[in-house]
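Two complexes come next, and they have one chain in common, chain A, joined by chain B in the first and chain C in the second.
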Partner chain A sequence: MTAEALLILSVIAPFLGAILAPYLGRSLKARAGYPLILCFLPALFLVQYAPAARANAPLTAGFDWVPALGLSVDFRADGFSLMFALIVAAIGILILAYGAAYLGKSERHGRFFSYLLSFGGAMLGLVLTDNLIALFAFWELTSISSFLLIGFWGSRKASQDGAEKALMITALGGLALLVAVILLAIAGGTQQISTLEFATLRSSPLFIPALGFLLLAAFTKSAQLPFHLWLPTAMEAPTPVSAFLHSATMVKAGVILVAKFGFLLDWGLFSQIIMYVGLATMFWGSYLALRQNDLKALLAYSTVSQLGILMSLYGSGHAFAATAHLVNHAAFKAALFMVVGIIDHETGSRDISRLGGLRRKLPISFIIALPAALSMAGVPLLGGFISKELFYEEMFHEGFLPMLIAVTGSIMTFAYCLRFLKVFFGPLRCENPNVHEASLRLWLPAAPLSLAVIAFGILSINPLKGLVFKSDTLAVWFTNLAAPSFGYEPGHLYLWHGFNLILGLSALTWALGIGLHLFRDPFHRFQQALTPAWNNNTLYYKALAGLEHFSSWFTHKTQGASFASHLRVIVLAFALIGASVLWRYLPENLSPVPLAFWLVALLIITDIVGVLMAQNRLSAIIFAGLAGVASTLLFVLLSAPDLALTQLLIETVTIILFLSVFRFLPRLHTYVRPRSLTLIDGLISLGVAGTIFTALLAVQTPIADRIKDFYLDYSKSIGGGYNVVNVILVDFRGYDTMGEITVLSVVAVSVFALLRIAVKRAKSESNDD
Partner chain B sequence: MEILLPFLAASLVGAGVFMVLSRALIRVIIGLSLISYGINIAILLAGAGTGLAAPPLLDVEGPYVDPLPQALILTAIVIGFGTTALLLVLSLRAYQATGTDHVQELTKKPDPVEVLGSYADPERPSISPEYGPAEKRVKDNKQS
Partner chain C sequence: MTRHPEIVFRTLAMPVVFVMLAIGFHFFLRGHNAPGGGFIAGLIVAVTALLARMALDRRLLRLEPKTLVPIGLLIAMITGVFPMFFGDAFLKSAHGHTHWPFVGDFEWASAALFDLGVFLVVIGTTLTIIELLAEDSREENS
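Entry: the complex of A and B
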């Protein structure tokens, strides 16, 4: 297989898997997750192109999508993209294995894996694409597939709410990104991200608005203040989903955006904005994480906080430190989520206040969780320590305030990591008396991540060269892979930097973090006392309620109170306009009416009377159908064979549709119109009929013949057909017909879905009787 | 001819409007299809006239009926079917869900924070162990 094909396949394979998953899920149930691992393998094989990416000669591949519009699908595995693709693929594989063990027997497995794989594919596409428009498309795909995943247990109210919140906020960012990529493409004169030039963009007046929208997109997706509210409620998703989406991939999309466009954003005010928003998010996230009793919510807020760190580092241009922390965070956070899943699975609870001493019952989970949590806290010998040192160092250079926020945030980070680990220590507290260690299938996928956390700290890639503590760790391989993308020199990740101020600050962090943990009860009371009356969530619900209120007010004001009264206004106006022209046009030179027309007219009038008089559903439907047949005959008489054929087909299908749902339809004679209303409605109907009648009399003289002649003249030479009506439909007005087909497909899907629910419901009701 | 056909179109539309103004959903649907029959005839008359001419096929002798309104009507017929089908099934579901085919007042949605508690608003969790989120979740699971 050629390198180009592999690159394209690595994005397409998960989508193919998503198509296959429902079938596998039916026969293999949860175990379908294992064969589906294959879908992430092409992306993992991209590792062989790492040397090329390192040498700044990245693998590229692509094909034209809509050449006429200059749209093409380009992929480019430059260092950073490749590194992230590897992370997505590796964690994706572990999550599939974990999900296969985690899901119960009665879940909808096919659907679950299908959503998960399409999410993985979208994420790979997002990092590997080199085209602005494709970037937007993949971005939206991640939003939609994450919506489906968060709402996977859609029968639960909290799930619905979480999914809706995530979609609302990330879709807002998606719209901003659409504007941003279009502005960038116009200003830069190209859709290829790799060929965008800072100088060209800078001179365009669109530059600053484009960056503004770009930031909005990045902040919403990566849950930065004040858009962080969607991430914690998204924890209603099944835990494998949280581990994949909300630790390592989806929420990093905003960070990726800031990183990829860092060369544009590393500019004056923007870099300051990103840094301070990131730091504020870091502080607030870790503050709120300390308040959580739910293990998953604690991790969610810790993710918010860690994203803040990444955002501030990338924003202020410290790509090396940022990438190092990104790699570490992906490893420890996914491991922690998996452990929470195991705890939830085995004990039936995620409530910190009800769990304790689990290390005796869940020893393996404890061993997995310990390095991951300590790495998050920034304890030495682990990867998190090294990147936190780098973070401190960069913030130290940024000034006193960033440094202060970073240290306070980290103190709280240390404290919430201890709070997390608390469930493993102390006396055994657990509601499930028979709690025991999870099966091998469940904890095995988490183990490599925990090993990576340790390896990122102490495992030297070149042990012979110098002391272990003074040589590069495994994480540096990932981090330096991204070097050409950001233009930094390959750096080093040492465990030991000697005694310096940064180490002193770290020591201070540990001491105060432990202190904060010991005095957690007063601190909780302090937090409780400080709870503001409003926050982003209350504002969000208020805004949503306001929007609903506004739209119902607006609809009420503009479109009448009820369906019928609103219609009355419309048709009355219609009747008045018609009546005013009634006296002006009267036809001259009436032509004789052939017999056939009289017969059709008789049929139509009979049908109309029949429909109006019908007292039951069946006769109303039949009379309406007959009216349709009569109009078919009329088309035949008026030399319109295509119309006649279509009308006949449609009539048949309509009758079939009506009869197929006939038995569920409500009865007809339920509502009797008040007499006065009957009179009004009758008058209105007469008025409308009069309008139509007069309008048709008025337009009997044909309009300009030029339009007709154009079609007749060019039907053969341009459209290549003898049937002019057909040529107009499929050629001259081809887009119109395409739109029509789209509408019909949407209708077909909706009708099918609604019918299925309706029939199921009707059956279950009749069973109840 | 010049009067009969407009009269037929007008009667179809008039009857359709009367049906649409009623409150029973089935009548509304049937009324809509009557209206679309009438309007289709109206469009045909407006463009093609009532003069008897050959269908717009290039391999028959002219003069031809105007093809453009026919193309428009073809689209209208198909879209009309789509509307009818969707409306029929939708009203069927509405009838099933609410037990009535009469237009109902929209019910107000409850405040999510009140219903979901700390799930919807994790920034203000209750820290008392008696009212932890997990307990609620277990309850949720039992119900479902």
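Entry: the complex of A and C
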């Protein structure tokens, strides 16, 4: 297989798996997760192109999609993209295996794996794509699959709320991203991310708005203040999902965006904004994490906080430190989520206050959780320590305030890590009396992550090269892979930096962190006392309720009255606008109307009068049908047999449709209305008819002349058919037809769903009676 | 609606269904060179199926009409994507002549396959909506 094909396959394979998953799920149940691992292998095999990416000669692949619009599908495995793709693939594989053991017997397995894989594909596409529009498409796909996965247990109220909130906020960011990519494409003159140039963009007036929208997208997706509220409620998703999407991969999409476009953002005010938003998020996330009693909620707020660290580092241009921390965080956070899943699975609870001493009952989970949690806390010999040192160092250079926020945030981080580990220590407390260690299938997928956490800290690339502590750790391989993407020199990750201020600050962090943990009860009371009456969540619900209130008010004001009055306004406006346009631009000579048309028009008018005079609905329908059939005569007169046929068939189907909904309609009322109103309505109708009639006569000829010849000339040679109408439909304007049948399908599905709901409701009501 | 079909309606329905089906397929096939095509043929076949359903209480198709919608959409989509494998644009069409044994000269166009997708989507959508509505009204009656 060629390298290009492998690159494209690595994105497509998970989507193919998503199509297959429902069938596998039917026969293999939860075990379907194991064969589906294959879908992430192509992405994992991309590792062989790491040397090329390191040498700044990344693998690229692509093909034209719609050359007429300049759309193409481009993938580019530069160092950073490749590194993140490897993380997605590796954690994806572990999560599939974990999910296969985690899901109960009665779950909808096929659906679960299908959503999970389509997310995997979207995420790989998001990091590997080199096209702005495709970036947006993959971004939206990750939001949608996240929505589906959060709402996986859709019958629960909390799941519905969580899914909705996540979609609302990330879709807001998605719209912002759409605006941003369009502005960037216009300002930069290209859709290829790798060929965007800072100088060209900088000189464009669209530059600053584009960056603003880009930041909004990044902040919403990566749960930065004040958009962080969706992430904790997203924890309603099954735990494998939380481990994969809402800690290790998807929530980093915003960070990736800031990293990928870092060369644009590393500029004055923007870099300051990102850094301070990131730091504020880091501080607030760890403060809130300390308050949580639910293990998953604790991890969720800790993710918010860690994303803040990444955001501030990438935003202020310290890509090396940021990438090192990104790698570490992906490993330890996914491992911790998996352990929480195990605890939940085995004890039936995630409540910190009800759990304790689990290390005796869940020894393996404890061994897995220990290094991961300590790495998050920033304890030496683990990967997290090194990246936290780097974080301190960079913030130290940024100034006193960033440094202060970083240290206080880290103290709280240290404390909540201890709080997390508390469930393993102390006297045994657990509601399930015969709790025992999870099966091998459940803990084995978590183990490699925990090993990686240790390896990132102490393992030297070259153990022969003197002391282990004085050489690079394994994480440096990943981190330096991204070097060419950001243009930094490959750096070093040493465990030992010597005695300096940074180490002193770290020691202070540990001491105060332990202190905070020991005095957690007073601190907790302090937090309780500080709780304000409102927070972001209450604001969110208020805003949502306000929006609903506003739309119902608006609908009521604009469409509330009777259908007739509503229609009157629309039609009158149309007639007036049309008439005023015609008044100014009426051509000298209108197209002539042959006699035959007048006759057909008379026929149609007669039928319509029949509709108006009809005493019951059946005769009204028949008259309407007759009017439709009469209008087919017009097409025959214009020698348009295709249109005539279509019109005739549509009339037939419409009548059948009418007849089948007949019974649902209420009895036909004769509305009593004043004579003056009838007169006004009649005048309005005549006015509209007159406007449309004149408009048609005014525009008919010139347009038809210009286009007609092209189609007549090329129908046979390009489309291969003599029926020009059909060749236009399926060939020249095939794109339109594709869109139309898609709309048709959506309509079919919507009508089906709506009718099913209506039938169900009717049935349940009749049962209640 | 189907409980007491008129005797004339019922007797005539059978031959009419066959004739209409034949016309429908004829219109589909000739669509590229004469009036017809997937949309028109789809409507004809849908109406025929409804006739069969109402008069004879019989389904023309074994499958649920709603499954035709994704199948049709998929066929159209695949026809569109196929030229991309040869480096052409989405929906780039091809046509030509092939000599088949026994059949002789056969003129083909990739657009016909796209039209097949349109055909199936139209049948599926029309039947899904109308049958559901008709079914509801039947339930209402009973």
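Heads up, the rule we're going with is that the second predicted complex is superposed on the first by the 570 of 769 C-alpha atoms of A that agree within 3 Å, B and C clash if a C-alpha of one lies under 4 Å from a C-alpha of the other, contacts with A are read in each partner's own complex, and residues count from 1 in each chain.
Operating definition for what follows: a residue touches a chain if its C-beta (ideal position, glycine included) is under 8 Å from a C-beta of that chain, and two chains touch if they have at least 3 such contacts.
Owing to the predicted nature of the structure, the values given are computational and were not obtained by experimental measurement.
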Superposition-derived comparison: chain B or chain C, residues of chain A touched: B
Contacts of A:Y722 with chain B and chain C, given as first, second, both or neither: both
Touched partner set for A:D64, first chain B, second chain C, both or neither: second
Touching partner for A:V569 - first (chain B), second (chain C), both, neither: neither
Partner chain(s) touched by A:L440 [first = chain B, second = chain C, both, neither]: neither
Chain B versus chain C as contact partner of A:V653, first or second or both or neither: both
Partner chain in contact with A:L679 - chain B first, chain C second, else both or neither: neither
Which of chain B and chain C A:V747 touches, first, second, both or neither: both
Which superposed partner A:A297 touches (first chain B, second chain C, both, neither): first
Chain B versus chain C as contact partner of A:L539, first or second or both or neither: neither
Set of chain A residues, in rising order, touched by both chain B and chain C: 641-642, 646, 650, 653, 657, 661, 664, 722-723, 725, 729, 737, 744, 747, 751, 755, 758
List of chain A residues in touch with chain B within their complex: 155-158, 161-162, 229, 232-233, 236, 288, 291-294, 297, 300-301, 348-351, 353-354, 524, 528, 531, 535-538, 541, 545, 548, 552, 562-564, 567-568, 571, 587, 590-593, 597-598, 600-601, 604-605, 608, 611-612, 617, 620-621, 624, 627-628, 631, 634-635, 638-643, 646-647, 650, 653-654, 657-658, 661, 664-666, 668, 670-671, 673, 681-682, 684-686, 688-693, 695-697, 699-700, 702-703, 707-708, 711-712, 715-716, 722-725, 728-729, 733, 736-737, 740, 743-744, 747, 750-751, 754-755, 757-758, 761-762
Interface residues, chain A side, partner chain C - complex: 63-68, 641-642, 645-646, 649-650, 652-653, 656-657, 660-664, 718-723, 725-727, 729-731, 734-735, 737-738, 741-742, 744-745, 747-749, 751-752, 755-756, 758-759
Chain A partner contacts - residues on chain B that touch it in the complex: 1-15, 17-28, 30, 33-34, 37-38, 40-42, 44-59, 62, 64-68, 70-71, 73-75, 77-86, 88-90, 92-93, 95-96, 100-103, 106, 109, 111-113, 115-116, 119-125, 127, 129, 132-135, 137-138, 140, 144
Chain A partner contacts - residues on chain C that touch it in the complex: 1, 27, 31-40, 43-44, 46-47, 50, 66, 69-70, 72-73, 76-77, 80, 84, 87, 89-91, 93, 95-96, 107, 109, 111-112, 114-115, 117-118, 121-122, 124-126, 128-130, 132-134, 136-137, 139-141
